[in-house]
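Right after this note come the structures.
Common to both upcoming complexes is chain A, partnered first by chain B, then by chain C.
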Partner chain A sequence: MKIVGIAACTSGIAHTYIAKEKLTKAAESMGHKVKIETQGTVGAENKLTDEDIKNADVAIIAADIKISGKERFKNKKVLEVPTNIVIKSPKALIKKVEELLNEKE
Partner chain B sequence: MLKKLQLKKHALTAISYMLPLVVAAGLLIAIGNLSGGAVIEDYSQSYSIPDALVSLGVLGMGLLAPVIAAGISYSIADRPGIAPGLFMGLIANSIGAGFLGGMLGGYLVGYFVNWLKKNLKVPNWAEGLMPMMILPLVSTIVIALLMYFVVGVPIVAATNALTEFLTNMRGTSNFIFGSVMGAMAAFDFGGPVNKTASLFADGLLLEGVYEPEAVKILASMVPPFGVTLSWVFSRFFKKKIYSSREVENIKVAFPMGITMITEGVIPIAAVDPLRVIASCTIGAAVGGGLSMMWEIGSPVPSGGMFIVPAMTDPLKFCLALFIGSLITGILLFALKKEPVKQEEFLEKEEEIDLSDLKLS
Partner chain C sequence: MDLSKVIKEERINLNLNAKSKDEVINELTDLLVETGSVANKEGFLKDVYAREEIGETGMGGYIAIPHGKSAHVAKTAIAIGRTYEEIEWGSLDGKGVKLIILFAVPEEDKTSVHVKLLAQVASILGDEEKCQELLTVKSTEDILEIMSNNKKGKEVC
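And then the complex of A and B:
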């Protein structure tokens, strides 16, 4: 499946990027396409385009704080978690997402 | 119910907006003070560049409560929360409710704006006035009066009591307080526990209590310095405790540590959390306790080694920092086993209960 996501943490210099790294690695190793936007203190990087979001099957928001641009995912299936879940067990999380998506269909 | 309110998330959002402000304002004061500046009392007289820097830094500190209030209220109510939030912060400043007052005001006004959005129905022609005039005006009036006349009073009293309690604390109780602060500040390397301790210290700084701020600065630097020391020991005694990858991380963590950014230690702690967290927390607790007991104060909330000269007793601060780091270093050196292979670590996952996650 295609995953888009956003990572954001409080100080915006470390956990944000670790979360992105973990999620990307786990998703790719499980054969998914993934793109994660980081909203650190420097602002948004690796921004999701409208195209990215349109084509995505699910959006994962890994954030400890309020993220900007959440309305972009209006018609999407969205999963919100704190960053530490993504950092501690990214693969289990993605497996869970797979299950949830299957349930819905 | 409480979980749905997401109090913590709102506070963390506000803190994330506040951090750059604290750092910039703190450094402005430090640079200005070190170059001989003082707050400008009268702008019609001539003043120097250092004077200008200090004054700007002090102005920036005055923005803390408004920014934290606006941040919380924005996190709760989106854009309509910002303006009334700023007002609440200003009220907190002027009635002497400080940081706590700002936070409370932010929560109150944020939820109130949300409630108004939901329950206040206006005729079609007034739709445009809703975000522009009605929401900010009504929410500001209602919560402002509440702040001025009702909730402000106990908060001011609480702030004063806390300030007095800390100022009067001496000796052993000081050591214990410093240890707790230090342990909290080092515990999760810049995570939420650290931010809680940090918030507390920043709040007290606004009340003119400088000691907790020194503890916070010390405890933020103990983990990176301690880890670096343990690596030095491992080289010296030829006991390999870090993989080459970890050594690379330490080389980054040390300079980050000098500027008081603890986060550099995270990659090292992630490989062996129990030992690293325990060693860092114990080292920071001892260092923090000493700093508090010796009554070292820091008028500047952030900046790492660069602002040490601005402290009330730079030499003793360095000594406390060194002792704390040394304890962390020795503990790590003694406790750590052979390095874990990086690949193994990346494969390893913690068991977390994900059963209540839902797609929305």
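And then the complex of A and C:
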């Protein structure tokens, strides 16, 4: 499946980027396509395009704070979790996303 | 990418004497003070502990990433320490930590290249293999190499 997502944490220094990396690695290792935008101290990086979002099967928002541009996902299946969940068990999270999408079908 | 701006050998101590979380933070902060990154130790410590209040900085897998975004930081920097014994920390996996990476970021350093470098370091920590290497390599040079090379690290035993 195609996954898009956002990572953002309280101080925007560390957890945001660790979460992005973990999510990306876990998703790729399980055969998915993934792109994660980071909203950290330096602003948004690896920004999701409209095309990215349109093509995605699911959006994961891994954030401890309010993110900007959430309305971009209004027609998507969205899973929201704190960054801690991603950092602690990224593969379990992806698995949960897989189950969620399968249920729907 | 020039990580040497934020990570220096003098800010790495693989033989921390600390036996508690407070002692670890104190020892690493001393490294930051000695190398000119932190201008006011007491003030910086207060900000680091304020961040600790918000949530666990132990990310699991024996690694913790305390950080202070603080007006008492003169230069963005990272101090890295490793202990022999597990230190009780407050981690996502409930385990102790052995590798502690203390980030010091000035309050106003919002868009600088340094913060981007920190982000690079943080993404290295999202790589389990790299984390494993950071926990086991023998020398500060090895740590520097893993940190500054965002590709697959060299084989370690």
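The rule we apply is simple: the second predicted complex is superposed on the first by the 105 of 105 C-alpha atoms of A that agree within 3 Å, B and C clash if a C-alpha of one lies under 4 Å from a C-alpha of the other, contacts with A are read in each partner's own complex, and residues count from 1 in each chain.
Following the convention adopted for this analysis, contacts are C-beta pairs under 8 Å (C-beta built on N, C-alpha and C of every residue); 3 or more make two chains touch, one makes a residue touch a chain.
Since the model is a prediction, treat every value here as computed from it, not as a measurement.
Clashing of chain B with chain C is the outcome of superposition onto chain A.
Legend: residue contacts after superposition of the two complexes on their common chain; A:Thr41 is shown touching both chain B and chain C. In the superposition on chain A, A:Leu101 makes contact with chain B only, not with chain C. Judged by the touch definition given at the top, the superposed model places A:Met1 against neither chain B nor chain C.
Touch criterion met: A:Asp64 reaches chain B and chain C at once. Contact with chain C, but none with chain B, is seen for A:Ala19 once the two complexes are overlaid on the shared chain.
In the superposed model, A:Ser11 makes contact with both chain B and chain C.
Once the two complexes are laid over each other on the shared chain, residue contacts for A:Val78 go to chain B alone; chain C is not touched. In the superposed model, A:Leu93 lies in contact with chain B only, and not with chain C. When chain B and chain C are set side by side, the one touching more residues of chain A is B. With the contact threshold set out at the top, residues 10-11, 13-15, 18, 25, 41, 64, 87-88 of chain A are in contact with chain B in one structure and with chain C in the other. Chain C meets chain A in the complex at residues 51, 54-56, 59-60, 65, 67, 69, 92-93, 103, 105, 110-111, 115-116, 118-120, 122-128. Touching chain B in their complex are the following residues of chain A: 9-15, 18, 25, 41, 58, 64-66, 77-81, 85, 87-93, 96-97, 100-101, 104. Of all residues in chain A, only 10-11, 13-22, 24-25, 38, 40-43, 45, 64, 84, 87-88 touch chain C in the complex they form.
Taken together, the chain B residues at the contact with chain A in this complex read 9-10, 12-13, 15-16, 19-20, 74-75, 190-192, 195, 261, 263, 266-267, 270, 346, 349-352, 354, 357-360.
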